[in-house]
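Chain naming follows the written order as A, B, C, D and E, and within any one chain the residues start at number 1.
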Amino acid sequence: QPDVTVFAAASLRDALEEAVAGYEGQVVVSYGGSGQIARQVAQGAPADLIILANEAWVDWLEEREALVAQSRNDLVGNRLVLVGPSGSAPLSEPTKEALFERLDGGRLAIGQVDGVPAGIYGRQWLEAVELWSVFTPHLAQAENVRAALLWVAREEAPLGIVYASDAQAEASVDVLYDIPSNLHDEIVYPMAMVAGRENTQAERFALYLYSPAVQDIFLQQGFMALETEQ
Amino acid sequence: MSLSVSLSHRYGDFHLDLAFEAGPGVTAIFGPSGAGKSTVAQAIAGLLKPDMGRIALNERVLVDERTFVSASKRRVGYVFQDGRLFPHMNVAKNLRFGARFAPSAHDVSEEGKIIELLGLQALQERRPHQLSGGEKQRVALARALLSQPELLLLDEPLSALDEPRKEAILPYLERLRDQVNVPIIYISHSVAEVARLADQLVILKAGQKVADGAVEIVLSDPAALPFVGVRQAGSVLRARVEEHGCDGLSQLSVSGGVLHLPGISAPVGAQLRVRILAQDVLISLEEPHGLSSRNVVPVEISALRRGDGPGVAVQMIAGQDRLLARITARAAEELALRPGLRCFAILKATAVPRASISQGGH
Amino acid sequence: MNLRPEEWDALLLSLKVSVWAVVISLPLALLVAWLLARREFPGKALLSALVHLPLVLPPVVTGYLLLLAFGRNGVFGKVLADWGITLAFHWTGAALAAAIMGFPLVVRAIRLAIEAVDPKLEQAAETLGAGRLHVFALVTLPLILPGILAGVVLGFAKAMGEFGATITFVANIPGQTQTLPSAIYALLQVPGGEAAALRLGILSLVVAIGAVLLSEWLARRVAERIGRK
Amino acid sequence: MSLSVSLSHRYGDFHLDLAFEAGPGVTAIFGPSGAGKSTVAQAIAGLLKPDMGRIALNERVLVDERTFVSASKRRVGYVFQDGRLFPHMNVAKNLRFGARFAPSAHDVSEEGKIIELLGLQALQERRPHQLSGGEKQRVALARALLSQPELLLLDEPLSALDEPRKEAILPYLERLRDQVNVPIIYISHSVAEVARLADQLVILKAGQKVADGAVEIVLSDPAALPFVGVRQAGSVLRARVEEHGCDGLSQLSVSGGVLHLPGISAPVGAQLRVRILAQDVLISLEEPHGLSSRNVVPVEISALRRGDGPGVAVQMIAGQDRLLARITARAAEELALRPGLRCFAILKATAVPRASISQGGH
Amino acid sequence: MNLRPEEWDALLLSLKVSVWAVVISLPLALLVAWLLARREFPGKALLSALVHLPLVLPPVVTGYLLLLAFGRNGVFGKVLADWGITLAFHWTGAALAAAIMGFPLVVRAIRLAIEAVDPKLEQAAETLGAGRLHVFALVTLPLILPGILAGVVLGFAKAMGEFGATITFVANIPGQTQTLPSAIYALLQVPGGEAAALRLGILSLVVAIGAVLLSEWLARRVAERIGRK
């Protein structure tokens, strides 16, 4: 039996694996979609800690009193970027015309805009710059943000909206434009303890994740550090 | 031991409607292709639920308005026209299939006897698809015999067998009939088989019974002649074995005289049934001399019946037995044959086939 | 190919889950296939539709429904918990999910095989004294072995590849519920995971080819036994 | 038109090894169950690739070391022992299956004739599973006939048919033999059918050819007797129809005299083949008087052959023909029969079945 | 049930994709099934394994491989693009994905049916002059109709439920590539989407039941035609 079981959003996998490897204690992580994890926790999943990519599902769990009160905290943040296949020239200003020129009849890859967190943020940005209604017919929505990245990497889509962390690790894409983080909800990965499974091991591991060493890992992977409120 | 059948069933245009009783021994169901013979068999075996009817075996009701005993509970050994061997079992396993459901433990020597009789020893390891048509049918026959049935239902089991194999099986069926007390329903379109084996005969045509009764009566009944076929009409005589000659001819006494017949293996004193086809009998006004036939019986003509062809059926009394001859109308006229005339019946000894001589019977 | 411990775990778990999925679905699949092939009863078409359900619904939905039914608060989950049986978040649940997802395939293969058995052979067995169960065990069953084998291969292959229902129902806990497909999924979620995912994909493939080769060989032997070849 | 077959094939213990030529007309392959008859048929039809051998039909090589013509290209009309009707087609569609592959457009009246002859009119809409065993076989026969084959291969096509149906089909096969120039291979274990239809006879036993040649020769050859069966031995006489009597008897001239036979429909002047079974012939030293038999032929005994049973085969010369009688040894002794003796052969007119009289032949 | 326009779109698209999936996979499935059932050739077991692949691999992986092969820069994708055929991000690609995912099921159903056809009937047809193709079209094909029907049902049902490979290959473009399963999946991603997902799930179910009822009815007719019943 592991000391700690963590259910975490799949996009955190690389960074978390590295963090777990540096931890002296047995931790297992079950990766999945945020909604899926939330439902599983509601049905009694053996998770001590959860880290989701989406605040709505954490809210949903809190409503159901499935989380230890006050245990919720944002672990790291992320940024959205507009990417294109490697070699594409950066975009100074993502105007409608500039984007259409890049698309050239192709599609803008994005996570599902009503479900996948990266898609939701992307939609918020498009709405903020009043391009949403123009681009809706030109989106290719993916089941998860990785698929959107894949499409751009494979040049199936000339443009994609993904996390900076994903874009950084994928050699076949170049960041064309950093999406201003004030044009969408703050991208955070909330972490919380699951009600009924409180234990010191889990608390210890949670603290470890806030340690500078681990936060460094996240930074290196392209995530954004948050001001910790400890 | 008896089977009582009364059936009504419809298949489209075809309407089966008949009733008969089958006593102990062999009851043959005879009729042309499509007459409904297999349909009757299926109803008896429980594979067909007749529209209406009643079937009872040894007082046990198998079918009536309220009852329908399932096929597996009927203990009817059914040999199908088309074999129906289990393709996933070799011959040995096919043969032993019924044994596990048989009421009593099986008798190994009996089993060996049946297997040997049907020439299946060398085939034990074969699978059905490696058997010839005749071999399949022999296995099917043995399989049914080994399931210890209360009624044996044979649906043209021999039609795919050659004469020597038929000859080898028929005596076994005779013994079965005489020694085991199971009624046998024997479906056939060969009158020769029917005459040899059956005690009783039911003739079907287009789903209806057109004649039934003891084999001797039906086969020499002119009314049944169109269904039986002229070449198969004849009489059955009761005979007693008197002596076996060293030249292979045996002397038999019949009520009207003496016959010399070849190839009889029954012991002296045994009672036999000898079928004599009408076409194998000649009539002579004078006692013939210098003739190769050994069998000349004095007779008195009892009836003459003209058929629709050039033939005339002549019924003769020989002692207690009736003898039937079929001769040409021209001959009957020229010889001035008439009822009451005393003359001689000539019977070719070699014309009586082994298949027409059978032991005992009821 | 050098496998890391978690990869070994995922492979072994996948095999265990797949074998069990086949084992638990087979008896029921036989019954249902026989009912659909040989019996007439009201609601037959509905039963057939129900059997096909796991094919029609997105796997995630099936997993979700399983979670609702067998989770801590589910109707069956509660009862089973009283008997000490856990399914949700447990490898047994993965086996159940895989069994359910493969069920339509197994049933159909067996049903087709039963429909191809000549009822005349079953009749012959009946007249030899075999009751319905014996007829099935001694005649029908051996004759449908190729179909059962086909069903087993399909069910096993499906179980090896099942992902959506499994991950939704039992999550993706390494060493406990992480099957090969879940591991591959997790790998594909992060940049650079493709190479590792490919390794595991090839592993699945090797298992699948092995299973299919085995089944083809068995099928040949069975076909010889029942005289088809 | 001819078929030349030379085959070698092994099935486990069973080894087939034979060669024969089949000329125009009918070649019968005769032998007990398991002799390899169907195996030969399959090789000829292209359904079995023999281990070794050569098969040629009308100079066209179908099989040799390098050649293997596929079954569909052989134009061999095969009637199987087990029917093999297409279960998804009704009778009409089964019948017309081969027509689309036939070289020439089919002749509607010919088609109607075959359908009528085999009594299939009322069955057109039926599906195979609604047919009785005999009905199925009739459809299979018609189906092959309608495919305009170059060679007709009949594997016991009549074994499931009753006598009247057989009688109805045989004349058609005779006409086919005489009018259409296709060789027919006729597989049977009924010598009666063989004798009536075949020009040539090949006897198989355990995969080997034990006799072959013209039917007349083989059937009256004592060496072939054990394979043919004593009851089927006989001779075939060439006869000419002289006159039809108003009582249904026809007068036929044979080289040794005159016969009176019933039921002959051939016109005056027609050449017939009349098969006379050895067992249907009696021998008389004196010319008989007051006898019901119309057929007494003066003969000279040419040979006597003792069998292993109580019978003796007596070969007689009647004009140009040979006649065979089978009588008991005791009679032969008492009558002091010997070669060279002049005596009389008596033949029962009604004993010659319709099936033993056939037209023409080669 | 009042459907919103996008829901209608998803339903109609799912139907279109499923029908096409069946239509395009059927001819090849027939060929492959016949090869596997009736021919002996080197690599037969490998072909069989290949056919089973889409079952064994997680659907997402299959979608990934499809993208690699049929994407704009894929080996086949390039060729097809020259002919003016687009698959990626197109409903035709969804049909292809669904066809491939259902292929093992269709092949197996047909293969079982072919194996059950008595070769003696095919031989009889040959002796009547029918060449290999005619034998297949006139004898084998009608006799395996029940198996084909079973394959069609399985393939159709699978296509209706296929999600992982589809969304990876053609994305989720409402009105163009958003099938019912994609729509359901999207709904399940947001808290509170369950009710709407349930509605669509029931819709899938209704279609499935309809398809199965239709197929059972057809199967009965076919069985009567070929004399099985």
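For the reader, a short list of remarks on this structure follows.
Keep in mind that, in the parts below, a contact is a pair of C-beta atoms (placed from the backbone, for glycine too) under 8 Å apart; a residue touches a chain by one contact, two chains touch by 3 or more.
The model shown is predicted, which means the values in this text are computed figures rather than measured ones.
Counting only chains that touch, the fewest steps needed to get from subunit B to subunit C is 1. Relative to subunit D, the most remote chain by averaged C-alpha coordinates is A.
Centre-to-centre, using mean CA coordinates, subunit A is 91 Å away from subunit B. Note on chain placement: the centre of subunit D and the centre of subunit E lie 56 Å apart, centres being C-alpha means.
For the pair subunit A and subunit E, the distance between C-alpha centroids works out to 35 Å. In subunit D, the residues touching two or more other chains are 82.
Chain contacts: subunit E has residues 60, 64, 164, 185, 188, 228 touching two or more partner chains. Within subunit A, contacts with two or more other chains are made by no residue at all. Interfaces, counted as pairs of touching chains, are A-C, A-E, B-C, B-D, C-E, D-E. On the subunit D side of its complex with subunit E, the touching residues are 45-47, 70-78, 80, 82, 84, 86-89, 97-98, 101-102, 127-129, 143-144, 147.
Only residues 33-35, 38, 56-57, 59-60, 107, 109, 112, 114-116, 139-143, 147, 150-151, 154-157 of subunit A touch subunit E when the two sit together in their complex. Subunit D makes touch with subunit B in their complex at residues 11-13, 31-34, 38, 81-82, 122, 130-135, 138, 156, 159-165, 189, 229, 231, 245, 247-249, 260, 262-263, 278-280, 282-286, 288-294, 309-311, 325-332, 335, 346, 348-351, 353. Looking at the complex, you find that subunit C touches subunit B at residues 120-121, 123-132, 134-135, 138-139, 142-143, 225-228. Per the touch definition, subunit E reaches subunit C in the complex via residues 44-46, 48-49, 52-61, 64, 104-105, 108-109, 111-113, 115-116, 146-147, 150, 153-154, 157-158, 160-161, 163-164, 180-181, 184-185, 188, 197, 201, 204-205, 207-209, 212-213, 216-217, 223, 228.
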